[in-house]
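In the two assemblies presented below, chain A is common to both, partnered first by chain B and then by chain C.
Now for the complex of A and B:
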């Protein structure tokens, strides 16, 4: 399995810059997830690696070999497409076997060998009972497995998966995501996987690259991306319900933070104050994850910011609470979906300063 | 006021192969000002039920009452319901605004009032800047919002919403759900909401009706459905990650009734009253259901019993973690808060409450309660 290095890769479509000066090293055997909204350049990135698009500038290396000019069949990569692109006239067996029968592999495998490999892969993906069916007779989840089987049968050095779970139902998606963990263990192939779902990304990825408008926003481990997003774009797109963002000023007279939208102030630890003062601005944007804001139904020294409860939503594992502090909307979430809160009842909020994020007002970069 | 009640309602379709039952002996009551979500897989009859209430499907047998008035033969226009279709059914030759205004104009409302209503609803759903576009120029998600807007603008006494947010971007879905709930709070409009997505059903419905194979399996609050499912279907259809289901042997040891999971070292201890019930039924085998959310990695109370498992998979999900563990041949999943000390292949002691063990009859798949 090779490592992949990209040096200053830029890809343009006319005036649109799809990939903007990307520098990445992907390790041997790594499961690397590219996360980003639609139009971020995720698919273009995979196509550049597969050789289906060529970059305007920059170099791609597999191990030490420059592969910019090596044609797709010789790169030893396998790509699955977002819309599966199965051959509609081939059965599942035919689809999975197709790479072994390609012109490039002509005569390499006899039919017994092909059958054996297809059965093995199909069994691993739990589609061995579907081998005689046509793609039109399969569900979305099953089609996805077939596409994956077709990619894996070549035992490629690099596996490129384009939004494999985007078009299956929520329930199947969760199930397949868990299954990917088992596959990951089994094959240990260098894999690049794109997704717009942050849960998928942080759950599966050894490392995650957040891409937005062709630019790398952050590369890091799941914990880093979730707990220490580099800027507001990453913070907003990783985590659900969306992170709460609101302005605050440092009040020099009593070293409080004051939030004008909700007209409230609160204490933060000396450590954080020092950090903010060192950074040098007086105004910041606070990022507070709904999970990390605590509240109480009783007023106390700790819980001293008054809020009014709005609509609540009980989900399987959490309760989402929309509250208002004066005119400022805030979303809270707790692990107990059975808690009963009345609409319009008073709640008292406490911001846990350890988990707050502070962003530069102008550059939107994380201050920490 | 709007109270809908269906009594022993059947709906048949005739096909070449014979009679197809789309809805079977349905008894359902949607109370005044209530939001009820009908949840089920495709083909379970939930949309047919909605269309029966709207009056665009006839009832084969049984009775439909709206506000205690027998309404089987009432024309759709007389029922004061607003229906949002899953496939939108927009007027493609009209603009978004015209689509929304149409039924208001038919009711001969004053132009000022129409304007105001269209403005309010379009702002609420975030479509105010596309009001003058033709609906053909819109994306699927936008079209669906227009379809919902056209229903919401009418203030009927009952909203019938068929998968109204299934094609809207995930990030916006819950905002729109919150708005739908606010409408219910503010105007007291009765809402019947059809979906195949359990998270949506739980979020929107005060009560949730779970349907399968043309029959209503269970109706109840989130708590009832989640904690007292009547059968395996309801237990496994509702809840994410899905409930752990394990085939167990019933074994009596020292006066206690234990459930030993097949091909596994896992053993669960039931409450005494459930044990008695199992003996009464003379069952050798049962199916045990235990939700991933009800297995804890730390002991919460002294009454909790424990099992052991080896960690196979750790899924870090930001706010929470999903673990897949193995005990013998049995894999089960656990949903817990983030704990960075957990490592793959680690042997773990896990805790559960006996009251959260759900038992099902292996043949009938119905819940066994003491």
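Now for the complex of A and C:
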């Protein structure tokens, strides 16, 4: 299993820059997730690695070998496509067996061996009863399993998975996600997996790369990406419910932060204040994750910002509460879906300053 | 009450539909019916005015064009000979070869034009299409002179060559459209699986484009088959296709309506057979279940 190095890869489609000067090292056997909104360049990235698109500049290495000019059939990569791309005129068996029958593997497998391997893979993916069907007779989840079978059967050096769970329904998605953990353990192939769903990324990835508009925004472990997003784009796209973002000013005279949108101020620890002062700006954008904002129904010294409760929603074992501080909207969440809150009830908010993120207003970079 | 009313309306609607369909079909099919009956009518009945629907069928016309009955009409060459059969043979040779060559050249070209990006691609495609714009009369005299010079006048090869102007653009453009509708990811999946471009083209793309290939082939065949002017100018009796041979039955002295009608029926047969054979491909089209839409 090779490691993959990309050096200054740039890919353009006409005037659109799909990949902008990417530099990445992907470790041997790593499960590497590319996270990003649609149009970020995720698919292009995979196609460049597979040799289906050639980059305008930059170098790609598998281990020490430069592979820029090696054609796709000789790269020993497998790729599943977002739209599955099964061969409509081949049966499930024919689809899964096709990599073994190709000229690239000529003479390696006789028909008995092919049958045995297809059957084993199909059994592992739970599609062994579908081998005689045509792709048009399969459901979305089944098609995805066939596509995976076709990718896994040749035991490629590098496995590229393009949004494998994006278009299957929620139940199958959870089921398949669990199966990916199993496949990850079993094959230990260097895998690059793209997704627009941060939950998948956090659940599966050894490391996550956040890509937006062809640029790397951040590379890090799931914890890093979640807890220390490098900029606002990453913070916004990772985590649910969405992170709260609002402006604040430093008020040096009484060492607190003032938020003009909600017309309130709150104290922060000296350490944070020092950090912000050292950074040098007076105005920042605060990022506060909904579950890091605590609240109380009673006013106290700690809970001293007044808010009005709006709509509440119980979802996924948590209660999501929309509140208003003056004119500023804020989302809170707690792990207690049974808590009853009246609409228009007063709530008292406390910002836990250790978990707040501060972003530069101009560059939108995380200050920490 | 309402239900009954809508039921009545429904029946009325159906009645109108069927009546208008019958009228349309009669209008469209009547000339064909008339030609068909003409082939079996005695000469007197053909030119009778007002026309008559009842007649004593005769097979003289059919036998005559097949060369089974001696020519008797004034102004024709006497003896047993069949321009019709010569023409059919020539037509089949020329048209089948033309369409096969166009398929051989046009299908790979259609794939390249659908899948690859290269400079001047659209210009090439448009130039090939523009063969269809030029009026044949404009090129026919130069072609005649040219072919006479290089010894191609009155050969099957000359006509097969010239018929490429008709069949190649047809096949190329129709099949290209079909291939462009097949997601490029199918090709890419093939490449990732380790197949060559040629294999992908032959085994994966062509089977998926068979609806387009059938449509293109049928249209190219029809247009080639019906062509008149090239055969008339660039060849003589021994090589001319059936469309031109039909003219031999228009002589200075007589118009052999019955025989011409019989030739029309005979010449239409290959097209009918081909259309019937290709129909299921035309209808089946693409079964693109493997692609998420």
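The rule we apply is simple: the second predicted complex is superposed on the first by the 367 of 368 C-alpha atoms of A that agree within 3 Å, B and C clash if a C-alpha of one lies under 4 Å from a C-alpha of the other, contacts with A are read in each partner's own complex, and residues count from 1 in each chain.
Note that in this section a residue touches a chain if its C-beta (ideal position, glycine included) is under 8 Å from a C-beta of that chain, and two chains touch if they have at least 3 such contacts.
Since this is a predicted model, take the numbers as computed values, not measurements.
Superposition of the two complexes onto chain A shows chain B and chain C fitting side by side, with no clash.
In the superposed pair of complexes, A:88 makes contact with chain C only, with no contact to chain B. Look at A:140: by the touch rule set out above, it reaches chain C but stays clear of chain B.
Of the two partner chains placed around the shared chain by superposition, chain B is the only one that A:177 touches, whereas chain C remains out of contact.
Once chain A of one complex is fitted onto chain A of the other, the partner contacts of A:279 are absent, as it touches neither chain B nor chain C. Taking the C-alpha centre of chain A as the vertex, the lines to the centres of chain B and chain C open to an angle of 80 degrees, rounded to the nearest 10. With both structures placed on the common chain, the touch criterion links A:99 to chain C but leaves chain B unconnected.
Residue contacts after overlaying the shared chain place A:314 against chain B, while chain C stays out of touching range.
Judged by the touch definition given at the top, the superposed model places A:13 against neither chain B nor chain C.
Here the smallest spacing between CA atoms of chain B and those of chain C, following superposition, is 11 Å.
Those residues of chain A that touch chain C in the complex are listed here as 47, 50-52, 71-73, 77-79, 81-89, 98-99, 102-105, 134-138, 140, 143, 150, 154, 167.
Contacts from chain C toward chain A in the complex involve residues 183, 185-186, 188-196, 199, 204, 207-208, 286-292.
Contact residues on chain A toward chain B in their complex (touch as defined above): 169-171, 174-175, 177-178, 181-182, 197-199, 202-204, 222-223, 226, 238-242, 289, 291, 311, 313-318, 320, 322, 333, 335, 337-338, 343.
Interface residues of chain B, counted against chain A in their complex, comprise 170-171, 174, 177-178, 181-182, 185, 196-199, 202-203, 222-223, 226, 238-242, 293, 312-313, 315-320, 322, 324, 333, 335, 337, 340.
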